[in-house]
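In what follows, chain A forms one complex with chain B and a second complex with chain C.
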Partner chain A sequence: MESFEPYEEFKPIPLPVLIIAVALALWGVFTLLDNGKAVTVGRAERSDQIADQHANRQNGAELFVSRCATCHQPNGSGVEGAIPPLASSPFLKASPEVAMHILLNGIDGPIRVGDATFEGHMPSFASVLSDADIVRLVTHVRGTFADRHDLLTEGDVATARLLAGRRGAWQGGQEIAARLDASLGPQPPMSSATQAAIDPIAQKLVSQGNGQTWACASCHGMRGQGSASVPRLAGLPAAYIAKQLGDYVTGKRRNETMQLVARTLKPQDMRRIGDYYSVMRAPSNARASLGGDLVRGERLVLDGDWARGLPSCVSCHGPSTFGVAPSFPALSAQHPEYTAAQLTAWVSGTRDNSTGRLMNGIAARLNDADRRAVADYLATLPPVPAPATRGRTNGK
Partner chain B sequence: MNRMVPLAILALAILAFATLMLVIAPAIQIRSEAPTPGLKPYTAQQLRGRTQYVAQGCIYCHSQQPRSIDQAPDAERGWGRASVASDYAYDRPHLLGTMRTGPDLFNVGARLPSRGWHLTHLYQPRAIFGWSIMPAYPYLFERKEHAEPGDVVIILPADRAPKKGVIVAKREALDLVAYLQSLDHTFPAPTRAVRDDGYAEKGEPR
Partner chain C sequence: MTLTIGLLLGLSFFASLLALAFLIWAVNNRQLTITQHDAYTIFTEGEAGHPDDATTEGSQDEGGAARAHHFDTERAGIDAISRPAVVTLISSGIAWLAIGSIFGLIASLKLHWPDWLVGEAWLTFGRVRTLHLNMVIYGWLSMTGIGVAMWVAPRIFHTALRYPKLPIIGAILWNVGVAAGAIAIASGWNDGQEWLEIPWQIDILIAIAGSFFVLPLLATAARRHVKHIYVTGWYYIAALCWFPILFFIANIPYIYSGVQEATVNWWFAHNVLGLWLTPLGVGAAYYFIPKIIGKPIYSYSLSLLGFWALALFYSQVGIHHLIGGPVPTWVVTLSIVHSVMMFVPVIAVAINHHVTVARNLWALKASVPLRFISLGAVMYTLASFQGSIEALRSVNSVTHFTQYTVAHAHLGAYGFVSFVMFGAVYHMLPRITGRSWPWPSMIPAHFWLVVVGFAIYFIGLTIGGVLQGFAMLDVARPFSDSVQVVLPYLEIRSLGGAVMVVGHLIFAAHFLAALIQRDAQAPAAQPHDTRSAVST
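Moving on, here comes the complex of A and B:
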């Protein structure tokens, strides 16, 4: 006997179910639209960030304050005996190309401004300022301090930049006067004693290793520039480098890889390597990459935040954070991943080696956003003008 | 059963709709993406290494998809910026991975550029990280009495080194490391690239 298959009579869908279905559908559409907004916001912020990184937003005066004023002083007066004045400087009164070439290459060796002679190192800004930035900066400083208003174009800067990489820093005022503008008047000659020789033993350790560990250059790069989590070493104080290597051995600073490396080095190797890297000069390859707020980062580095008991970083790490030998390392042009990791390491205790535990308290007072802001800002600063000189063919 | 035909049609329609939205639409969206500027195609050796990466099962423990900073602090860990679709232009299939037992490897070539380090680490991860749970791959290496010309001898701390002879890398190991070194996507992502923006809101860091 055939069984009867039950069936339901047609009944309309109950109203509540319909309402729920419609509500769910509306919710879905709303989420899609909302998500679409996230995409727009994300894109807009990324293009802002790219614009920020090219610092297109800063005009000449702002660039001067953030890039030059810590050394040359806000009124361009310089620092007696250390940093030449910009106010009424013949270098600014000369053609705009002179200032441009100085910014692109930096200066080593003696230079005469007004009645005084200076012998310092002016950093090269080639790796951290765009062509447009340099045009704005040169126009601003020449207009403000030398009352000169003839213009430079971005094309001029782009052309000069191609040569800047090969030339290295200007060797004192004499070379600038001879090569760029004779109207600068008599300039002191470069003394040959500043020519540093490369230590062949250190160079071999760095580029080939000692047979017991990997070559330093295989991670830190041939020019000590580092990348991402591997720190830049070029231009760090010699004693600081040697101290860090020692601290890896004692375990006051912990990192499995570097601890293995350091244990294979003799104390005299550490000093040699420190000397070797401290005079190494290399362009910056660091880039702000943590999405930090660069304006906030600049404020913290230059002024600190007293409301939170944070001293400015430049008060210890020196103007432009170029470091103060022997104990305070340079922070400029350091990779943001590495800087942020160190600031975290002082809080977590994997790094506990700063003199007088100075950095522990500072790192603890930086919150996540500030840590990223500082790390990103430091990456936009020019590299240390280490006392290296170009054309070092002596040694090997 | 009643109403077989409408039921079947409805079921197929739902499947077709899902396929359209989850497979066809994304494929159309991604197909028009050019490789990210700066991305280089793999060399023959890197491709062989990529095959090793798949064969050795590295993908079960390692992802290749850094997240944006509002989802996870991957950038601060040195794992790189959030990846975008066009970063995978030469990866067929992509090796995104689903597990992070070990670190993300999408930018391992930037943060660990040393060939020597990778060889030591593959031969015995615990020679570097005493606590590591990554498997060792000793069969990608061989022990020899003396290194011959062209051999790559790996560096080992004294307590891991063989009593006699040296450990040299086989071709598989060298290929795999060449692939790892090529994993460097630190060039900037185009602003309009196809990517996951999560729940981005104005004023949040990305």
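Moving on, here comes the complex of A and C:
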């Protein structure tokens, strides 16, 4: 073994090590400071949002654009034969309580505006507009379209809201004229086919189950309003509900819980349940909760994004996404967790039962942020209006 | 409140940077009066340059005997005093390794045979895995690491171990503590935090046992016969000061809850690796690599940089386990920055270890212990680089909560620390017993079994973990996909793990045989076996 000569040479830290150390130190400082900024900005945005929610900063005009103009049109002209005009509407010229009560309860029946009669089906906005919102919106709409400037107070709205919860939608113009303001002129009578009688068999299935499986209401709620990933069923088209239950049996739509339940149901049970839920009404209990970009969501829902081959939701699911029977379900007031999960399920193939496989292609073109944006925006919309009227309208 | 603590912790980073910059400046300007000569502390005069390895085949020449004579007065006397403590600690450690790795194998098999051994509560996965972790960390690695330190420290301090009876008492108490902890965990009584499962009531016993190790080592360091403390000594002294603090703070009952509890939990769990097992392993490698090769380490100033950068930056690393959790963002970011700064000490240590080995590759062929230790050093470099990268949010969001993290933990605790301990035991035991290993061919057999087994284990689990991570991130895939995709890799892991366990059992049996052999001859050799201890 050769003998080892110790050397005294002082070996400095190699230059590359120093360079790496300095580079890492700079990166560390930058990352720390950068994070500080991100946190500050994030916090500021969040507090702005919260402030917005608390201060109800949207003014009447903004509320009108975001809540009313889709159907009544930005200039208040309505849609001939479908949506009543606001401009010069006797309902706006009447006392401000009329507009307030209509907003709170919605309309479910024929109304006459000017010379035309409409099958009114306007949703209730009680769940999505605050008292202050309603005051601002009514003031704006009456001032703009009817040149009436007498004011409503938040106290009026609060009182009316208490009553609104107990009664359903106004049964057409006749009821409004009789109850609220006789100056509205002659109104068409309510059709004789009033509320469909509640089917006792369906009611038993929904509230008690069929002995083999649990009741629908145990998850979907007594009013079919659902919660989080359990969907809202109230107001969905009857045929759509029946079809989904059938698809759970065939496996075109997969969900362990629902497959178990659906296998115990006879086809006629499915139809009964569909009918039962299609006429059910429940206020919205959905809230945007996925942190989606609501502006982007609104754009996708109303206009789509043709650059990416995405049609708007409303083009098939109907104005305000209230659904088009029998195939297109209502989307409004649906829980965002459920909507986003379904959009994902179309992609993964756990759900493969849409008409012409339309949704498979659409969902595949949505990215995760878009899914959350759409789901959150839909959750902010008012729930499906008066289904009884729609049933009658379809029947005619 | 947030601002104050955030500012303080942020300042700690800047203070660390300043300290590091000062250190580099001082080293480069020779402000610190260290020279390469200090690195020779571990050699007695005339020893440097000779391969010092009992298992070196064909080099047991008369040069070795002449050399041995040379240390007789000084070193052999030192070793004889620390011997009982070292033997007690290391044999306990190896016993825990054998038991602990069998539990590890059971836990691994259970992941793909979920219906196997489910009859008894203590054999369910949650307890078996926890038993494995606590036995190998607190039983095998901690006890063996301390045992090696008890043997190395007196040698680098050129003086006998002080209070040599204390570590034996400590080892007995520590064994009782780990055994009681294991029984508590098996019966379902634990503190409910990873790495802190042993109930705090039992931890009191372990803490007392720990003080029986710290006291002799610090006393020995205080009465050393050399002026300069060799780098191994820094790591050992630091580790023995850090670990009691960590262990005490993290185990204080009833004061942490919720997010704070999680934060303290991961602060502790990661520091056990970085401020306890790492210094034990790096310190041992710093001693044995130049010792076996017979040449000094490459650069003393790099040793300084490596040690102080570890000391300055490691303590905040653990919170990167809570990325995405409800912890203030700045806490997580600070932890990520500190994690990435770990590149500095790791590069410094890597250059020192690997350059010294790379210039003396012949020694790898001759010495299996060196092969274990230098491979362990390479694994330290790789595990640390991997760890720094895993701390980045972009990587962490894929790999965390997957088997990838498990593979990484084993690269650090097994590939690095365990390998170094294997090598250290192989190097030390002949000098302790005064006789060669009874079955020399079992040493390379152990080496290749654990190397091949671990390669299968690590590569399989890493690939499986990444696939699992992508499956979990893809919202379009059901959760069950992430379970199914990783299944074949879990089977591969069990295969690799089984091979490793075979290696451990051979190691344990071999160790036992070497001890029994000694005991059989002990009565006759006892009075003067200090001589034979070095004349291997």
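Everything that follows uses one rule, which is that the second predicted complex is superposed on the first by the 330 of 396 C-alpha atoms of A that agree within 3 Å, B and C clash if a C-alpha of one lies under 4 Å from a C-alpha of the other, contacts with A are read in each partner's own complex, and residues count from 1 in each chain.
Note that in this section a contact is a pair of C-beta atoms (placed from the backbone, for glycine too) under 8 Å apart; a residue touches a chain by one contact, two chains touch by 3 or more.
This is a predicted model, so every value here is computed, not measured.
In the superposed model, A:266 makes contact with neither chain B nor chain C. In the overlay built on the shared chain, the residue A:291 is in contact with chain B alone; chain C does not reach it. Residue contacts after overlaying the shared chain place A:14 against chain C, while chain B stays out of touching range.
After overlaying the two complexes on the shared chain, residue contacts for A:149 are found with neither chain B nor chain C. Legend: residue contacts after superposition of the two complexes on their common chain; A:24 is shown touching chain C, with no touch to chain B.
When the shared chain is aligned, chain B comes close enough to touch A:337, but chain C does not. Looking at the superposed arrangement, the partner reaching more residues of chain A, out of chain B and chain C, is B. Contacts of A:228 after superposition on the shared chain: chain B is touched, whereas chain C is not. In the overlay built on the shared chain, the residue A:213 is in contact with chain B alone; chain C does not reach it.
5, 7, 35, 38-39, 344, 368 are the residues of chain A that lie in the contact sets of both chain B and chain C, per the superposition on chain A. Residues 5, 7, 35, 38-39, 41-43, 45-47, 49-50, 209, 211-215, 218-219, 221, 227-230, 256-257, 260, 287, 289-293, 337-338, 340-341, 344, 368-369, 372 of chain A touch chain B in their complex.
The touching residues of chain B, counted against chain A in their complex, run 1-2, 69, 73, 75-78, 80-81, 107, 110-117, 120, 128-130, 155, 157, 186, 188-189, 191-192, 195, 197-202, 205-206. Contacts from chain C toward chain A in the complex involve residues 10, 13-14, 17, 20-21, 24, 27-28, 30, 35-37, 40, 48-51, 59, 63, 294-296, 298-302, 305, 309, 329-330, 333-334, 336-338, 340-341, 343-344, 347-348, 351, 475-478.
Note for the complex: chain A touches chain C at residues 1-14, 17-18, 20-21, 24-25, 27-29, 31-32, 35-36, 38-39, 344, 347-348, 350, 368.
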